[in-house]
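Note that subunit A is present in both complexes that follow, paired respectively with subunit B and with subunit C.
For the complex of A and B:
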């Protein structure tokens, strides 16, 4: 029983992190139709920005109210989105919306390589540490083990993020406009939707979510060059399981991968690396388009 | 017309003089290609500190600022001209870069490679080009256990001694180890480290039960599940050879959950994260540094060690960890070999054959102790090792290494002609401790 509880908690913690880092990727693909390989770099920039922001916060006397460091992390992610998203979307990606999808992959891969060097130019190669927010909430006893309370904060952040994104898309008029663009870009345009604006806002949201993932991760890792590389791989696995462009799919895919990985580490550690891709392969056998994407009729 | 002719002749004469001077200047140089990680995951922990240490030592050698026997300027009077190359990009790229260094840049020697993959890929090319190559950092024993070379040398001990020393230390200190578990990266370094540690423990502490062995992928970053699995297994000791950002993340995440209060932690190569982690590295961690490097070298002291230690801190504001020490022993070995070859050839700049002859079986003093090219037919170094326990010093506000045990090179390295893994399995026959 204890083992099941531990697997569930570990799986949810890892799954929550996976969801936060992959939801922006699936949103951008859903709206823009671009598989954004630079997502990992945006995650890394978010981590660096949060590390700098938290460092600055405590330097400026944040010790009197350390919980404010969480606000600094979110603001840092927001700042990344405000600065980086318009440059990338308006300056580069919009030129490739009507081109082959493969071109989008190649372009964003180029952006990924450039951003990796930009990170080094701005922050250097020395690692940054901002462990204060990680320790701030203490530990929680769960079953036979102690967990850092911050891990549960990440779960809460994932749930809130998921609900907000889902509500925005399904419960607001602007969200329905975005959904209309996802379903049929040309028809939306003929109905008077400013598709370019939707694209820019959706990409901005995607960048914010990637940066938020990095910002929330920064306190528990050494923020150093290259941290975004592996993130993009697992994020792809998650959104492929859930279905490219599906928010619900990303949530379910993240939880499935998280729990499968946790079960593997506890029960059959040799399969830890294999299990993520095994889950993906099984899903694709039965649902080639992912769990939450309906098979589409092909236009001829 | 005469005026123009004079000017032209003058120009030609000046050009000729300039070429002659340049040639003379070039003859005074010893060009060393230095290959290490300047970007990527291994840069911050190994490549950059090593290159920092290398630049510092080369400058001091060129100025003749080292004590005897290294007091001659440069390499035997030849000014050292380094040419640094980024090791990032994989083995195929490094093979190409090596060819460029040798065939285009005409370097006199190459000193490089942190990655074991690169250390296996480049030596055959060095042999083909008859180019002198020193591997200064990588750990895989396979380089000289599975092949032999004329022009290739490794000036650092291979990785087996790290875990042999760790197991010997745990046994010698009477640390209660009824069981042990491991968290190591899922590639050759992590797998080999764990295998060496398990085999060593099998001989030294046969009653210790082996519990869970976890191999997260390199650069995983998230270790929550692994930490839970280890805490559930409740081993008396946790072994890890994690390095760089992975080790930093693991320590941050595991110590926040109090893992160090429930079991002893032994890190085979953990010294290099101390400057970054500071007090986040708890007291009581059993620590190796892949040689008498970093804090272990400082604890023992010595003229050369103290000189380089202080100079490094003055230059970079942080103390040198293991990577600069391995760079230093490589460069000092090269200096010793060049000067030995020059003494034999009448003071000329030595060629690759003369360098190889001088380097084979060579022994020299480094800040990390006496380095001896004792294995692989005189091409693979052995060196002493040290293990200690972390202890935060409130007075200086710095981490120190307490209860340090120093191991002779021949105590923790196999004899020539014996594979490390076979030596461990046989119970360390012939070890001189």
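For the complex of A and C:
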């Protein structure tokens, strides 16, 4: 019984983290039609930026109010979005909106290669550690077990992110415009929607979410080169399970993968990496386009 | 005037063999690796001709490499011909299983599903301690039908082997590309629906090209493993597959020699960058890739110099 609880909690924690890192990817794909292979690098940039920001916060006398380091992390993610998103979207991606989706993958693969080295050029190759925010909230007792409270903060952040994104898309006028663009780009343009601006904002939001995922993760790991490479792969699995472009799908996919992985870690640790793709393969055999599919009309 | 592919092959082979003896050791090794990896990229090119890009050829590259590593470890088989044959069976067999499954998909789904298949292998190998885990396994030095060279002679023998294999496969692929079904694959790339209405199976053609790509991946893997003497799960990692795609995009789908030239370019850039700017070589590659996509979307193979056949009216209108 305890084991089941442990699997459930671990699964939710991992699933929450997965949701934060994949929701931006699925949002960008839904709006721009570009599957961003550089998403993991943006995550890594977010992690580095947050590590620097938190470091700076404590050197500038943040010890007086340590909880402020969380604000520093979020601001760092925002800064990454404001700086990086316009460069990538205006400078590069906009040339590929009307082209083949595979081309988008190749272009962002090029961006991935570039960003991996840009990270090394800016932050060097030595790992960064910022453990302060991780220890701030103490531990929480769940039955016989102790969890670091920060892990639950990640769950809370995922829930808040999910609700905000969902509310923005479904409850606000601007969000409905975005949905209209997802549904039919050309028709929205005809109706007077500034599609270019929607694309830029959506990509900016995607970059922010990736960077936020990195920022929240930074205190839990040693921030070192290459952390983005693995993230992109699990994020892909999650959004393919959910159906590309679907926010609800990403949430369900994240929880499924999270619990499957937690179960495997506790029961058959050898299968830890394998299980993620196994879940994905099973889903795709029964639902070839993911769980939340939008019916595609075939344009000839 | 049409040149006979066999004649071209014979001249190329002679040239490469002579070149092999003229090259210094490091360049000979670099050529061996570049040609072996070029074979893998040639497989991706075969897919690109039907309009699909596999982002997971690391799967077959790795299968071929591990076949060599594990056979030499478990059974003591070191014969290069037998090992190559076995990896063709293994990689081709796995390709036959996944080919029909993947051929139902196009575009990014094809790319991402092939990628995840290779990541499944990566995950399985990295966690299987009996197969070496993330450390991988060592590969014994190969023998050539009883001839067991060492040191420089071994490197030269492997070079001659891969040169011969490359020229044979390149020629065969040229013939396949120019054959009826090879030309239909270009039609699948242009307009799949018409191909179906004209009575061919687009999925069937994609599946066949995938199996061919699997076999080429296996051969590339086995030779790379023998040349390096070590295999590890990184062979199946998605960034490895990404490099193969890089070469395929750089080369384009029009010319076969261009694939190997692109592969040699990548290996040269890699070794020099590793030496002189270890932290920026990916940046160079990334910029290079973006420039190719923006300036020459059909790859360096679309430069007039390379195009012998397809310029004769068979070139498709650019999509």
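We adopt the following convention: the second predicted complex is superposed on the first by the 299 of 300 C-alpha atoms of A that agree within 3 Å, B and C clash if a C-alpha of one lies under 4 Å from a C-alpha of the other, contacts with A are read in each partner's own complex, and residues count from 1 in each chain.
In this text, contacts are C-beta pairs under 8 Å (C-beta built on N, C-alpha and C of every residue); 3 or more make two chains touch, one makes a residue touch a chain.
This structure is a prediction, so every number in the text was calculated from the model and none was measured.
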Superposition on subunit A - do subunit B and subunit C clash or fit: clash
First, second, both or neither for A:229, with subunit B first and subunit C second: both
Partner chain in contact with A:5 - subunit B first, subunit C second, else both or neither: neither
First, second, both or neither for A:126, with subunit B first and subunit C second: first
Touching partner for A:160 - first (subunit B), second (subunit C), both, neither: neither
First (subunit B), second (subunit C), both or neither touched by A:261: first
First, second, both or neither for A:106, with subunit B first and subunit C second: second
Which of subunit B and subunit C A:272 touches, first, second, both or neither: both
First, second, both or neither for A:191, with subunit B first and subunit C second: neither
Location of subunit B clashes with subunit C - one stretch out of 184-192, 220-228, 256-264 or 364-372: 184-192
Common interface positions of subunit A, toward subunit B and toward subunit C: 120, 125, 229, 269-270, 272-273
Residues of subunit A touching subunit C in the complex: 35, 92, 95, 100-107, 109-118, 120-121, 125, 229, 233, 236-237, 240, 244, 269-274, 276-278, 280-281, 284, 288-289, 300
Contacting residues of subunit C [partner subunit A, same complex]: 53, 55, 104-105, 107-109, 111-113, 115-117, 119-120, 122-124, 126-128, 193, 238-239, 242, 245-246, 249, 279-283, 285-287, 289-290, 293-294, 297, 319
Subunit B-facing residues of subunit A, complex: 2-3, 6, 9-11, 13-14, 17, 120, 125-127, 129, 131, 134-135, 139, 144-148, 151, 217, 220-222, 224-227, 229-230, 261-262, 265-266, 269-270, 272-273
Subunit B residues touching subunit A - in the complex, by the definition given at the top: 38-41, 43-44, 48, 186, 212-217, 219-222, 224-226, 228-229, 231-232, 244-245, 248-249, 252-253, 256-258, 276-277, 280
